[in-house]
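Paired with chain B in one complex and with chain C in the other, chain A is shared by the two complexes that follow.
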Partner chain A sequence: MARAIRPTPSKPTPALLQGEGMRWLVFAVVSLGVWELGARLYNAPFLLPTPSRILQEFLKTPNLVLQNAWVTAQEIVLGFVLGALIAHLAAVLLIVLPKWLEDFIFRLVSTLNSIPFVALASLVVVWLGVNGIGSKVAIAGLYTFFALVYFVHKGLVSTDTGKEELLTSYNVSFAQRVRFLKLPSALPIIFTSLKGGAMAAVNGAIVGELFGAFQGLGFMILDSRYVGNTARVFLAAVCCTLVGWLLLGLLTALERRWVGWHLEMTRQR
Partner chain B sequence: MTRLRSPNLLPMLVVALVVVALYYPLMLLANVPVAQRALESGAALECKTALACASQLRSPVLPSPQQLLQGFRNLTFPLTAPTSILPNAWATAGNTLLGLLLATVVGFFFAIGIVASRAFERSLLPWVVASQTVPVIALAPMLVVVLGQYGVQGALPKAIIAAFVAFFPITIGVAKGLRSPDPLALDLMKTYNATQSQTYLKLRFPASVPYLFTAFKVAVTAALIGAIVAEISTVGFQQGLGRMLFENSRASDVVSIWVIMISSAILGILLVALVGWVERRVTPWRR
Partner chain C sequence: MTESQVKAKSTPTGSLVSVQNVSMVFATGTVALKEANLEIGAGEFISLIGPSGCGKTTLLRLLADLIQPTSGAIRIGGKTPEEARKSRAYGYVFQAPTLMEWRTVLQNVMLPLEVMNFPAHERRPRAEKMLGLVGLEKFARSYPWQLSGGMQQRVSIARALAFDPQLLFMDEPFGALDEITRENLNLELLRLWRETGKTIIFVTHSIPEAVFLSTRIVVMTPRPGKIETVIPVDLPQPRDFETRETPQFFEIATQVREALRKGHGFEVQE
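== the complex of A and B ==
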């Protein structure tokens, strides 16, 4: 049934490493070259280290950096998965509730959405402790949850009325309605917001670590900043970005697989 | 943002009351174990029982309403003191709105590029997306120093950091808006032999306005977070909620952190409401 509702893809998606991969590579090489050149001309390694200097910094203590990156990656992924799961559950729960309660909670959530969660981070660290990854997972999850819940709910609600009525005439259960109509038609919005959520998770984990940690990339940033080792701060930032890219890449691959039809449709215009 | 039906005031009030009523026992539940431990460790407290102590801990898990009220009073009066909330919130709001303005300019630039040229979209969009995973928080101090060397000082560095966080939702929203006109309307422009710039001015820009405001509502929050983060990491002589947060978090003044958090939440809500108000003035036909 799910098959029948989705339009079939108009043409197969292009192979990854031919067109797009090359473009990425060229762009990466060019921008790294510009950075290297610019940083050398600017000649203030304390403020803007060159990429080669950052690489050297990595090669000094590769194990330690990877260890820190691994800690932060765990926090990001755990927080992202937890936050996303809870956001989806909450969104489904919201549409079960009576209309006035749904309206109220939705209002509450969109209000909470406008709260800067940086402030909460310091409290979460107080609650869950500086040690371990618990407090950072919680902050990353919180960031993800609020980046997602609004859009997932919106996606679940804005299904086509005709299709809704068709399913009503089939007398489907609520679970079937969610499984066969609401989730598939919300998938494009869900994927777009999942990408936003992934970025939020990265930021959340780092913010959490900046407020108190003994390991991880955020800790590395603080630590290196105190001793004035800018190259190491940049190294931590680069690691952080790479972790975020991995997560984004994974999500993009899944998006191509599951909602490729939608991407094709929006590119037509 | 989808328009909600007019709020059902009575149920909302009831729920709000229930929340307030639940808060007090929840606060006691959260604080009593801490108070118990403090009493057992023989700390010199004025209260006798754990239950009595729970509402006056120095670093409570949840602050009691009295403490919050007291904290608000301490941080609000005198109104214009450099350590009170009002001038700091004002400074943060200024940084945020300046950042939003910058983000709008950059966002429109990218959005037009994305819509106008496939090559631009293909080569740049992945990088725009990827740029958002760069932890600006980490690089903010260096960024401020670099900008300072070129005479960029005061609010502008913070606004730039806020803009870096906020331009992404605006880019995506405006790009979506520029693509939103009916294909028939686009074909009509073609039959009128309209130039590209005419198509943009007369059709695509007006069509993107609703999307722009939806994006603004997300972006203004992002900009506020960016501004606060920038203030945290560029502690100087300038004011801002971020600086207050940093100082009180250094002093482990938990109640003050709560007060600042609530204040920044109120600021966020006000800013979103401001965007909503402007939206209603600019697009009256959407009611």
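== the complex of A and C ==
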């Protein structure tokens, strides 16, 4: 008989917190409420502006803020996609290459990875220029690449020996081995690291803008701090968070779709 | 003695699997298999039995081209093991079910068909038929991890049968199961073998299992791993649970036990 799927041990959940949307709403109301109240009591708007003050800041120049957010969002998404693609290609390439070359490239990647990112980022801006989003995309891509490449590689090589031999007995090509075994069995770990990679891409884009940009949320942070507008710095930070959340939400949805089996399997155990 | 027994049992059409003077020495220096000779006819059910370290799994893996022998020659239907593997001549059932957790039961059985480019419209009906053969048609849409160990192993047998190879290698497929499940699956396997006419080479630790299933039992002994003797099992077919209670059954089981003892097979029980 099929093992009955055990119900998740049920701690009682208040009726208000049923459903994902409600949980987000409650979270937002409570945390913003506490912030608003705390900041008002503390009463030092230059150090800690209230959420309502930040909202006012947004309403002063909504188009400008959205424009900046749009630029940064592009950098983040393009950088993330590019970095993730290259990380996957590199991971597959690494397992095809002869052992000694794989070892050499791993040393190279580790060396590059131990250079402080900030130093790397400032160089990229010098190389690719301050204008346009190119240098920022590259930096976000670099951050993503390094956040991913080890995990994807690890996922691809950590396949079960028995399954590998099964495919050998079918006389599969390398591409089939990746498609039918390596990639699907690595997907759970890949998705976990993609979520980390998304956050890295956000960081990368902002760091890139801090080093040289005339638009974007990072530029907004630098510019506003220079004129002492703390509320606007907060506003930029909040925008970054929202962009990051959107990316995370998209990844979580894809994860449910493609790795739902894994979520359910681990829940059942 | 052993040689003449082997020859007497070979089918008139010649042997399907031929093992000549095959030795396997691992890089560590361990002699896993020493000068093995064996002829297997089409349609036979052969069990390889012996304690751990006697080379039975090694022999199976050599036949399947998962490892290559140090010396000697193996032919499968006239081909080398590598050619046989590349022409997908055999199905292999491993000790563990090795099912893909991200595929449903039906999709797991369809895996070899996809890999081997069977026409898309043939895959599903074929896989469904195989699931019927092992009695799991109702679980086609379940995931492997929702099934018991015995059911998982049945799925893996259905998968091995799906592309209709004439030869089936089974490496202790029921080793991890309890006695009751094992006896049931033995009966089912025997029925499958009768209905499909496959040639099966089956590795086991269990004397009753070997006697119950086989047309011949290859008794192997360790240090170095070698074939001690080959014992024919002339219990009538079809066999059922009562076969296990007959005097002939015990007689053959005793023969196997004595052959194992003669080759010091009992010295290294785990």
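Basically, the second predicted complex is superposed on the first by the 240 of 269 C-alpha atoms of A that agree within 3 Å, B and C clash if a C-alpha of one lies under 4 Å from a C-alpha of the other, contacts with A are read in each partner's own complex, and residues count from 1 in each chain.
One rule holds for everything that comes next: contacts are C-beta pairs under 8 Å (C-beta built on N, C-alpha and C of every residue); 3 or more make two chains touch, one makes a residue touch a chain.
Remember, it's a predicted structure, so these values are computed and weren't measured experimentally.
Aligning the shared chain A places chain B and chain C next to each other free of steric conflict. Contact with chain B, but none with chain C, is seen for A:Val126 once the two complexes are overlaid on the shared chain. In the superposition on chain A, contact is made by A:Thr168 with chain C only, not with chain B. With both structures placed on the common chain, the touch criterion links A:Phe106 to chain B but leaves chain C unconnected. By the touch criterion defined above, A:Phe211 lies against chain B but remains apart from chain C after alignment on the C-alpha atoms of chain A.
Of the two partner chains, neither chain B nor chain C is touched by A:Ala87. In the superposed model, more residues of chain A are touched by B than by the other of chain B and chain C. Applying the stated contact rule after C-alpha superposition, one finds that A:Leu181 touches chain C and leaves chain B untouched. Here the smallest spacing between CA atoms of chain B and those of chain C, following superposition, is 15 Å. Chain A has no residue lying at the interface with chain B in one structure and with chain C in the other. Chain contact summary for the complex, chain A toward chain B: residues 20, 23-24, 27, 31, 44, 47-48, 100-101, 103-104, 106-107, 110-120, 122-123, 126-127, 154, 157-158, 192, 195, 198-199, 202-203, 206-207, 210-211, 217-218, 221, 225, 230, 233-234, 236-237, 240-241, 243-245, 247-248, 266, 269.
In the complex of the two chains, the chain A residues touching chain C come out as 1-3, 5, 160, 162-163, 165-172, 176, 180-181, 184-185, 187, 259, 261-262, 264-265, 268.
Touching chain A in their complex are the following residues of chain B: 1-2, 4-5, 7-8, 11-12, 15, 59, 61, 122-123, 126-127, 129-130, 132-135, 137-139, 141-142, 145-146, 172, 179, 183, 186, 217, 220-221, 224-225, 228-229, 232, 241-242, 245, 249, 254, 257-258, 260-261, 264-265, 268-269, 271-272. Within the complex formed with chain A, the residues of chain C that make contact are 64, 66, 85-86, 88, 90-92, 94-96, 98, 100-102, 111-112, 114-116, 139, 142-143, 145-148, 151.
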